[in-house]
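After the C-alpha cells below, expect a handful of questions from me.
Read from first to last, the chains carry the letters A, B, C and D; within each, the first residue is number 1.
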Amino acid sequence: MNFQPLLDEIDEEIRPLLGQGGTVASYIPALARVPAQQFGIALRTCQGGEASAGDAATPFSIQSISKLFTLTLAMRHLGDMLWERIGREPSGNPFNSLVQLESEHGKPRNPFINAGAIAVADRLLSDGDAKAELLALMASLCGEPIGFDAEVAASEAATGYRNYALANFMKSFGKLDNAVEAVLDLYFHQCALRMSCVQLARAAGFLCRDGRHPRGGEADITTERHTRRINALMLTCGTYDAAGDVAFSIGLPCKSGVGGGIVAVVPDQLTLCVWSPALDATGNSLLGRKALELFVAKTGLSVF
Amino acid sequence: MNFQPLLDEIDEEIRPLLGQGGTVASYIPALARVPAQQFGIALRTCQGGEASAGDAATPFSIQSISKLFTLTLAMRHLGDMLWERIGREPSGNPFNSLVQLESEHGKPRNPFINAGAIAVADRLLSDGDAKAELLALMASLCGEPIGFDAEVAASEAATGYRNYALANFMKSFGKLDNAVEAVLDLYFHQCALRMSCVQLARAAGFLCRDGRHPRGGEADITTERHTRRINALMLTCGTYDAAGDVAFSIGLPCKSGVGGGIVAVVPDQLTLCVWSPALDATGNSLLGRKALELFVAKTGLSVF
Amino acid sequence: MNFQPLLDEIDEEIRPLLGQGGTVASYIPALARVPAQQFGIALRTCQGGEASAGDAATPFSIQSISKLFTLTLAMRHLGDMLWERIGREPSGNPFNSLVQLESEHGKPRNPFINAGAIAVADRLLSDGDAKAELLALMASLCGEPIGFDAEVAASEAATGYRNYALANFMKSFGKLDNAVEAVLDLYFHQCALRMSCVQLARAAGFLCRDGRHPRGGEADITTERHTRRINALMLTCGTYDAAGDVAFSIGLPCKSGVGGGIVAVVPDQLTLCVWSPALDATGNSLLGRKALELFVAKTGLSVF
Amino acid sequence: MNFQPLLDEIDEEIRPLLGQGGTVASYIPALARVPAQQFGIALRTCQGGEASAGDAATPFSIQSISKLFTLTLAMRHLGDMLWERIGREPSGNPFNSLVQLESEHGKPRNPFINAGAIAVADRLLSDGDAKAELLALMASLCGEPIGFDAEVAASEAATGYRNYALANFMKSFGKLDNAVEAVLDLYFHQCALRMSCVQLARAAGFLCRDGRHPRGGEADITTERHTRRINALMLTCGTYDAAGDVAFSIGLPCKSGVGGGIVAVVPDQLTLCVWSPALDATGNSLLGRKALELFVAKTGLSVF
C-alpha cells in the first residue's frame, strides 16, 4: 500500500492547527527555543516501504522515546533478570513521582517512568560502554550515524534535580549498582539523542517485525517475546499519565517524549513517528496525538 | 473456523494442573466453598459460532466481570458525561485502595477498580431501576434469563466493609448522588450475577462486534466508539494490578473477577470466557490466565 | 490567687475582636446557626477556686473535646492494652485522613484524630453501656447532669460520610470489634455533648490533679500515669494540624473541638476552657487561641 | 541543688544495662565502630551549676542534635521568614521520608526532620560562611573550641544518598537557593560535630534561660520567643517518630541524634545531655531514654 497520499492528507489537516494550543517544554533552554509551529510524520512498513510528510526530516530531541531503545538493549543483556529491579505495571502517578518509589522500596513501577529508565540505564552501564552501545544500535537501526545533542545533555545535567533525587533515592535502597553521576550521565545523553521522524520510524521498525532488524540481512534486534513485551509496555505505560486515553483514542502501542515526538507501532504492519513540539497537559505532543488519531481513523489500523 | 478441537486441547492441557496452585477467594463463605478443581472455556465468534469445553456450562459468581456490563449501560445513558465522575487511567494501586481516592478528591481512577464501579452504579441508579435494567441487558445478551445469587449478595453486604468505606468516602466528597446503601445494594447484586462461561462469552459478544448485539436482528448494545473505549480500558485496567503482565502474556483486552472468571476480547473476531476458581497473588484466575496464554499461543490471536 | 480580674481583662480584650475573622463550622445546620459573636472563658484551680467571664455559662457542642473523656474511660478499662489498637504519635495528616490508616493497616495514629476516637469508642462499647457510662462520668465531674444534643447527634449521623468511611475502613482491617453503626452512634453522641466553659473547666479538672477527682471526697478519675499520658497527647496531638504552633504560642496541653471550644491544662495548677464559635483555617477557635495566648502571656503559666 | 549524687545514682542504675539491647548506628563505619557499652550524663543549671557522671567527657558524633544549633542561627538571621520554607508541625512520617515532601511541594514539615534541617542549612549558607559561624557559636557556648569529625563528614557525603535525594527533590521545587553539594557539605559537617555530654549540656544552656547565653556577660544567643519555639519543636518533633511517647514518658523537650546523644531541657531550671550509642527501633538512644526517664522520675522535673 502506498501511504504517501495519506500522510500528505494528514499533514494538510494538521498544519492549520499549528500554534493553536499546547506548550513547548521549557524546563531547559535548548528545548524551549524549538519553534512550536512544526509538524512531521513518517512511517515505515514491515516490508521496508516508507512515506513521510511535513517536517519529517527535521531532527529533534527524542527524550523519553529513547527509553524504548535502552529497554531493548537491557532486555537483550539481562532477559527476565531485568524485572528483578523494575516492574512492568502502569504507575498511576506522574512520571517523575517519588511516592510510589518509596512505598515499593526503590523498585520503579515500569521502565518508561523516569525512575524505571534510570534503573535501566544502571543495568546497561554494568555491562560495558553503554553510550557507545546505544549509538551503535541507533546507527544500525537507522542506517546512518545518530548523535547526542551535547547542549541538551548538559542542560539536563545542570538542572535535572528531580532525576538526581530519583537516582539517589534508588541508590539509597541499594537498587542502583553504578555511581549516580555515571547513571545519570547515560540517562541525560540518551534523552538528548537527536533524530528525525524518518529516522525514528526506521529505528523502531523491529517493533512491528517481531524483533527482526528493520532491514533484511542483519542480525535480529531482539526476540519476538521481548518485542511483544515492549509493545505491551508501550500501550499500558508509554504516554505518561495519558496511557488509558491514548489506548482508547489511538489504540496503538505508543511512546512519547517531551521533545514532541511520538513513536507508534502497528504490529506486523508498520511503525510510525509523528512530531510537533507543543505539548498537552499530559506532556504528550498535542498535534502528534491528533495526527495519530487521524491516521487510525483513516486506516482502521488499531489494535482494538 | 472450528474452534472446538482447540478448546478441547486446551482443556486437556489445563485439567492436569487443577489443584496445583492458587487460592479460591475466601472472604465470603459462598465463594470459599466453590470446589477449586474446575475449569471451563467457551468462545463465540463475531459470526455466532460457538465452542466450549470443560466446565463451560457451570454457573459461577461473575464478580468484577459485571463491571463490563454496568459500564456499558452507564456509557449508554451518559456518554462522555460519565467521565466527569470517573477517570480512565490505570491506577497503580490495589483495586480497593483509598489512597488514590483521597488525593484525587473522590474521583476514582477508572471504572474497573471497586471505587470506579461503585461510582458507575451510582450513575445507573439515578436513571431508574438499575437492577432490572441490568438483568434485562444480561437476558437479552444471553438469550435466556440471568439471575443474582442472593446468598452471595447478602454476604457481600454483610462483610464488604472496604466497599462501604469507599462509597462513604466518595459520598463525603459529594461524588455519589444516591444513598450509599442503595448504591452498594446494586453493586453487591451485580457482583453476585451467576453465569457460565458459555453465557459470558455470548454476553460479551458485542465487544468484538463494534457494539452490535451478539445476535443479529437486535438493537445495538452500544456504539463503536464506546466499544473501543471499553476494550482499551480492559487492556489497561481490566485485571487489577496485573494489567501490564496480562497485556504482555495474553495481549488481549481482558476483564477478570475474583470468582475465577476472565472474559477476553479478540476485536472483530471473537469473545472468550475462561473460568477456574483458584486465584493467583494478583487476584486473577491462575489457570484462566494459563488457558488464555495457550489460546493466544496456539492461534496467534493477540493484539500485539 | 484570684483569677477573676484576669479573665475579665481577657474578655474585655477579646470582645472587640468578635466578628472580625474565622468561620463557624457549617457542615451541619445545628452548628452552622450558632451565632459567631460569642466568647466565654472559665477556669478552675486544683484547689477548687473558679473564675469565669463572658459567655462562660452558655452551653455549646463540645465535639472533639469529648475525645478527652472517652480516652480517659478507655484507658481506665484497658490500661496499656488500649495501645494495641491505637497509636500515640502525631499524625502529620488532616484529622480525618484515610491515607495513614491504609499504610498502617487500620491502626489510627492517635486517639485524637477521628479514626482514633472511633477506635476508642469501639473499645468502650465492648465493655458495657458506654453512653450511660460517659454521661455518668460527665455528671460526676461537673456535679450536675450533662446531656447530648439529639439534633446534633442526628445530623452527624445523617451526613458524617467521612466518619462512616473511616469506621468501615478500620472494620475491614478487623480493627473494630463492634458494629460500625453502634460505634458511630456512640461517637456521634459523644461529639454532641452540650456543655459550657464553666462545666468543661470543671470536668477537665482531674487533668491538673494527677488524675484525682476535681472535687475532694470522690474516687480518683484515673492514675497519675494516665493523666500524664493524656496531657502529653493533648500537647502533641490535641489541636489537629496546629499542634506544633499551639505548643509554641500557648505552650499548654490543649484539646479543641469544631464547636469552638478549647480545653487547656496547666499541670498542678488549673484547667481552663475558652469558647468562641468562629474557627481558623486549622479548625481551631480563632479567638479561643487568642484568649489562651493572652492568658499565658499575662500569667507566664506555660510548660516551656 | 547538688545534682551530682543523683547523676551518680542514675549512672549506677544504667551501667548494668549496657549491652542488653539496642543497636549502634551502622550506616557509616565511623559510627559503627563506636563501642556500644558507654553511657554518660551531664547537666548544667540556669545558674551555672554542673554535674556529670559516667562517660560524660567522651566526645561523640552529635548528628541530629546539631539541628538545634543551626535552627537557632537561622531563626536569628531570618526571624519568621524562616517559616516560608519550613513548617513547624510534627510529620507523622519517618524522618527521611520523601512522601510528605512531594505532597507539600518541597516544603519540609519541620526543621528537625532531615529535609527540614537541609532547608535550614540552605538558608544559613545564603548568609555567609555558615560552617565558621556554626563553629564560632559552638565554641562560644562551650567556652572551648569544638570541631568536626572529618571522617564522619566524609562518610556521610560518600553514602548519604537519601539526603542527596531529599536535597535534589527540594531543589527541583525551587526550595533551595544554594547548590545541593554546598548545602549538603554544611549539613554533613554539622552532623559530624564531636562533642561530649558535658559540652552539649553547656551548649544547650540558653534553652533553659530564655535565650540568654549559658554564661553571664555574653550577648544573648536568641530571644525568649525563639527559645520557646525551639523548645516546643523539640517536644513535638525532636525525637523522630517517638515524639509522642517521649512527651509522655519523659515529658521534656528533647532532641536526639543517631550518635546516641539526647539533649533535654527543663525550662527555667537546667539542660541535660545523656549519651549511650545503642539505639532503639525509633532511632533514639535506648539507655539515653531510660536515663532521662529515671531523671524525671527522681526529680519530678517534667513539664506535665
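Rule of thumb we're sticking to: contacts are C-beta pairs under 8 Å (C-beta built on N, C-alpha and C of every residue); 3 or more make two chains touch, one makes a residue touch a chain.
Small disclaimer: the values here were computed from a predicted structure and weren't measured.
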Inset, instruction - Please identify which chain has its centre, taken as the mean of its CA atoms, farthest from the centre of chain D. - result: B
Inset, instruction - Mind checking the centre-to-centre distance between chain B and chain C? Centres are C-alpha means, answer in whole Å. - result: 47
Legend entry - Centroid spacing, where centroids are CA-atom means, of chain A and chain B in whole angstrom: 32
Legend entry - Multi-chain contact sites of chain B, meaning residues that touch two or more partners: 103
Inset, instruction - Once you've mapped the touching chain pairs, tell me: line, ring, star, complete or other? - result: ring
Legend entry - Pairs of chains satisfying the touch condition: A-B, A-D, B-C, C-D
Inset, instruction - Would you mind writing out the residues of chain D in touch with chain A in their complex? - result: 97-99, 102-103, 161-162, 164-169, 171-172, 180
Inset, instruction - Within their complex, state which residues of chain C touch chain D. - result: 87-93, 100, 109-110, 228-229, 231-233, 235-237, 241-245, 247-248, 251, 253, 267, 302-304
